Amino acid sequence: MSDLTLKIGRLVLANPVTVASGTFGYAEEFADFIDLNQLGGIITKTVTLEPRPGNPPPRIAETSGGMLNSIGLPNVGVQKFITDKMPFLRTLTTKIIVNVAGKSAEDYPEIIRILDAVEGIDAYELNYSCPNVKEGGLSFSANAHVAESVTKSVRAVTNRPIIAKLTPNVTAIGEIGLAVEQGGADAVSAVNTFVGMAIDIPSRRPKIAMVTAGYSGPAIKPLALAKVYELYKKIHIPIIGIGGICDTNDAIEFLIAGAAAIQVGTANFWDPCISIKIVEGLQTWCRQNHIQKITELTGSLKIK
Amino acid sequence: MSDLTLKIGRLVLANPVTVASGTFGYAEEFADFIDLNQLGGIITKTVTLEPRPGNPPPRIAETSGGMLNSIGLPNVGVQKFITDKMPFLRTLTTKIIVNVAGKSAEDYPEIIRILDAVEGIDAYELNYSCPNVKEGGLSFSANAHVAESVTKSVRAVTNRPIIAKLTPNVTAIGEIGLAVEQGGADAVSAVNTFVGMAIDIPSRRPKIAMVTAGYSGPAIKPLALAKVYELYKKIHIPIIGIGGICDTNDAIEFLIAGAAAIQVGTANFWDPCISIKIVEGLQTWCRQNHIQKITELTGSLKIK
Amino acid sequence: MKTLKKAVVVPVLANVQVTHDTWHITLEDKQIAHDSCGGQFVNVFVPQNNGVLWRRPFGIHTTDPDKGVFTLLYKQIGRGTTALTTVKAGEALDILGPLGNCFTHTSDLKEAIIVAGGIGIAPFPLFIQHLVQHSVKISVFYGARSKIDFCCLDFFRQTGVNLHLATEDGSSGHKGFITAPLLAYLQTLPDKPGARIYVCGPTPMLAKMKELCRDTGVPAEVSVETMMGCGFGACMGCPVPLENPASDGRLYALACKDGPVFNLEEIRFDE
Amino acid sequence: MKTLKKAVVVPVLANVQVTHDTWHITLEDKQIAHDSCGGQFVNVFVPQNNGVLWRRPFGIHTTDPDKGVFTLLYKQIGRGTTALTTVKAGEALDILGPLGNCFTHTSDLKEAIIVAGGIGIAPFPLFIQHLVQHSVKISVFYGARSKIDFCCLDFFRQTGVNLHLATEDGSSGHKGFITAPLLAYLQTLPDKPGARIYVCGPTPMLAKMKELCRDTGVPAEVSVETMMGCGFGACMGCPVPLENPASDGRLYALACKDGPVFNLEEIRFDE
């Protein structure tokens, strides 16, 4: 057995395979399919301060090799999350990472303060891809200063590990990564969805009610991998790689490019067992390739 | 017969279908396959001031639904372009748009000055995606000021239409579009390739010698469409849409999103006749849908 | 790879074309054959994925718990269903299920009025199998574009249901939409309080049904169709707008988890 | 849709498996059967594109100009070639060709020494058909992993070529690489100036051949394999590093346009 454990700051994961926010519900949805405790960690659907209804339909569209979504972060709000969702999550032995988002910069420390009083949360992932309403709707990680200051404000209110989840829709993601590192993040996760769009020709309407949407799935893998590599060259904190990971090989590519762990997103939808298959696939691959510790792989890209 | 003609500034194209730089050689490569004069226009492989050998292999890799390339702009240099390539291009009746790139901002007006003395060129496309060596390798359209000033410097030396070709790898492509409009561009073309990467697991080497590469093909279509739409909302000059266009429907989607014309890129590689098939497909579709003038389509997206 | 219940690879026993565009596939799985109720669906992984990312949902059409088999009735409309037609007996399908909720059968039900448009007929035979066992009176109002589109007519005749047909082209039954003979029937219905309508069909028909039920005062349940990214509540891609915000403030229900069966008066179709 | 020459949809006459991993496909096209010379290739659009974007290049294996047919010999290695094995007689393939250049046969050629590794044998029968007509002496050095990998041995025997085999596992012919018997042969070759080597095989073999030709002074031509985005000079994705910059300053040739046949001494394999 190879050693698949790794550390994200002080957070120890049993293996590098976690599941991406918004693609795994609050884990209960997957209990019929897999043994949740075999995962390295579970990242919850985004939680916000107030309940949100989500966007009108159509919210999703299938494109060749990818999908578009504009779900609109529907969720019951942080209070009901604590009373309705945390009890189940607390029954699990895998790491629980709660993903949070704010409408304004102030929302982040406020929601984290509330969650910090709750047991059974191992870390936070800060969803920085949602629109910063006060700043004209640009996402929180579109701007290095904003990303740094929000991270700082969260750092000030919690000792739990914080993971900043970055949008890829920027000119230089490395700068944003540096900023959140500066702000005190323990790790970054990269990437959230890319901005995409599709049109229904007969009606001339966008295929998603909100017009533009987030693009995910196999089609974005090469893009996400390049973002992870860009971050790896620039920053010093661990990177959790996300984007189009559909099988063990995809996961290994992200590790080689510089990720310490990975998240499986869209692939959960067509194969709810895929995350566990990847855990098993990594174990097999490491054994066959005489990898003692999975951490050897991270950033092992060979360049002439 | 529907009227497929359109104008890009003063440039009149017989139809909206042109072919993307670097995917169509200098047109001669396609003379065995199609009647070149049925195209709306031909955009040449990028020409630079000095000859360039191009990058070492591997230069290309296939991914699911897309491809990666780092060709490195190999070309014979502007002088040999004029003597070796222009004579054939001048025999064509379709519009000839010469794509140019520089290593530094000064290269652009210099090469345009040289080309302006040459007959048979209908417009220039300025490839702003290549690294600006003096500015630390960021592309010329990663920064609005740089993009504007380079465009101005070109505007100062030519009366021919200039089309600024934008990189999508930016936070806000609309701002860059506005900047080149300000600089005097007659149109923008959007988009060039996205930064992507792939790794060969057994060797742990990047699949492309230059490590990161440009991602193109069907996988980028939703992303490119969103960029065109973002530009359409922001700028006033025409947009030429590019990115993953593989058939007539793809072309129509770009027109509805705001493009006045389109470029077929990667699809030329697997079907060298595809550009002409799209010209014919547009004609059929317009007839069936009672579209008198193709220009009606541009920006006709319906939003509630 | 051990997986828990609900994700199964099941043998295909038959896959036969039953109309010009509709197919009937027979699958073997004891648990699904035993546990499913009318209205529930399975989500099918489509072999050869030419860019097809999501599974495709299909209502459970019939079950034979003794033999441990169940069937689906599907219409070939796009990439996924076309790929499905190429699956052969002896192969296997990767499916999730049973998913979703069921048409309800309360003890006060005297007459079930089933209203189906086109392929919307698919989920009803299983429900009818159940109702027959409980001796509920069954009327089926079934509309299609043309005579050649009807499926399962033999099944309805054998079951002895009260069958009403309509076709848009008049090739069989009433000429026009099925809602016309339905309205006539409801207006003369002696025992309205014991009747309940069950609907599945295209969205314009559902909107029309809503009006009709409001006017006649007969309650209805509807099985809705939406795009489904996952089928089990994970993607939140299948919202169904609610007429009134739910008690917890929600504006939308999820078709796959809270449905696919809803009370017709609770949901909206105008978006 | 009128297309000019070189982009054609051709009938498949046969597609048969000839070894555990290699297939032989027969296609009908008068022009290709008539115009092609050994070394040229066709670029095949692969049916059912599971994310396969590019065509797949294959050397023209044999031609029968009288019947207007030609054949390809291909090894199943990945997605594209696997899809190709499912193509049946009676179907059609969308191909571009003939593309690229040919092995050269100058009038002073007395002996053609053909060196093939594995599927590198594919382009030679066509060239041999041509050489036989011109009564050139032909020696074939053909290496494979094992006996079961050899193709076309009957063809070579019928043609009366001087055939040398080697297998890595020693199951047939010399045990080891084919370059060993080749070297022995070259060292005792009486008429070196009239001899020319023609090579096709895996890159390590080509690098080895380069050394061997330098040492023995026998000139060689090589058919190279690179990734090909287009096959007709448009993508510039198939560079072959040159030993010395060309007269026009180029550091690379293009495999599809300037090749696939090159003088072995002109190209580099170290990258």
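By letter and in written order, the chains are A, B, C and D; residue numbering begins at 1 in each of them.
Definition applied: contacts are C-beta pairs under 8 Å (C-beta built on N, C-alpha and C of every residue); 3 or more make two chains touch, one makes a residue touch a chain.
All values reported here derive from a predicted model rather than from experimental measurement.
Chemist: Using the touch definition from the top, how many steps at minimum link chain A to chain D?
Modeler: Between chain A and chain D, the shortest chain-hopping route counts 2.
Chemist: Return the chain whose centre of C-alpha atoms lies at maximal distance from the corresponding centre of chain A.
Modeler: Relative to chain A, the chain whose C-alpha centre sits farthest away is D.
Chemist: If you average the CA atoms of chain A and of chain B, how many Å lie between those two points?
Modeler: 34
Chemist: Can you check how far apart chain A and chain C are, centre to centre, with Cα atoms defining each centre and the answer in Å?
Modeler: The answer is 36 Å.
Chemist: Approximately how many whole Å separate the CA-defined centres of chain C and chain D?
Modeler: From the centre of chain C to the centre of chain D is 57 Å.
Chemist: How far is the middle of chain B from the middle of chain C, if each middle is the mean of its Cα atoms, in Å?
Modeler: 48
Chemist: For chain D, give me the residues that contact two or more of the other chains.
Modeler: Counting only residues that touch two or more other chains, chain D contributes 50-51.
Chemist: Mind pulling the residue numbers of chain B that touch at least two other chains?
Modeler: Only 63-66, 209, 218 qualify.
Chemist: For the complex, give me every residue of chain B touching chain A.
Modeler: Touch list, chain B to chain A: 63-66, 68, 138, 142, 169-172, 194-199, 201, 203-206, 209, 211-212, 215, 218-223, 225-226, 229-230, 249, 252-253, 256-257, 300-304.
Chemist: What does chain B use to touch chain D in their complex?
Modeler: Residues 22-25, 29-35, 45, 51, 53-67, 69, 71, 74, 76, 80, 209, 217-218, 266, 268-273, 276-277, 280 of chain B touch chain D in their complex.
Chemist: For chain D, which residues are in contact with chain B within the complex?
Modeler: 1-7, 45, 50-55, 96, 226-227, 229-230, 232-241, 245, 248-252, 271
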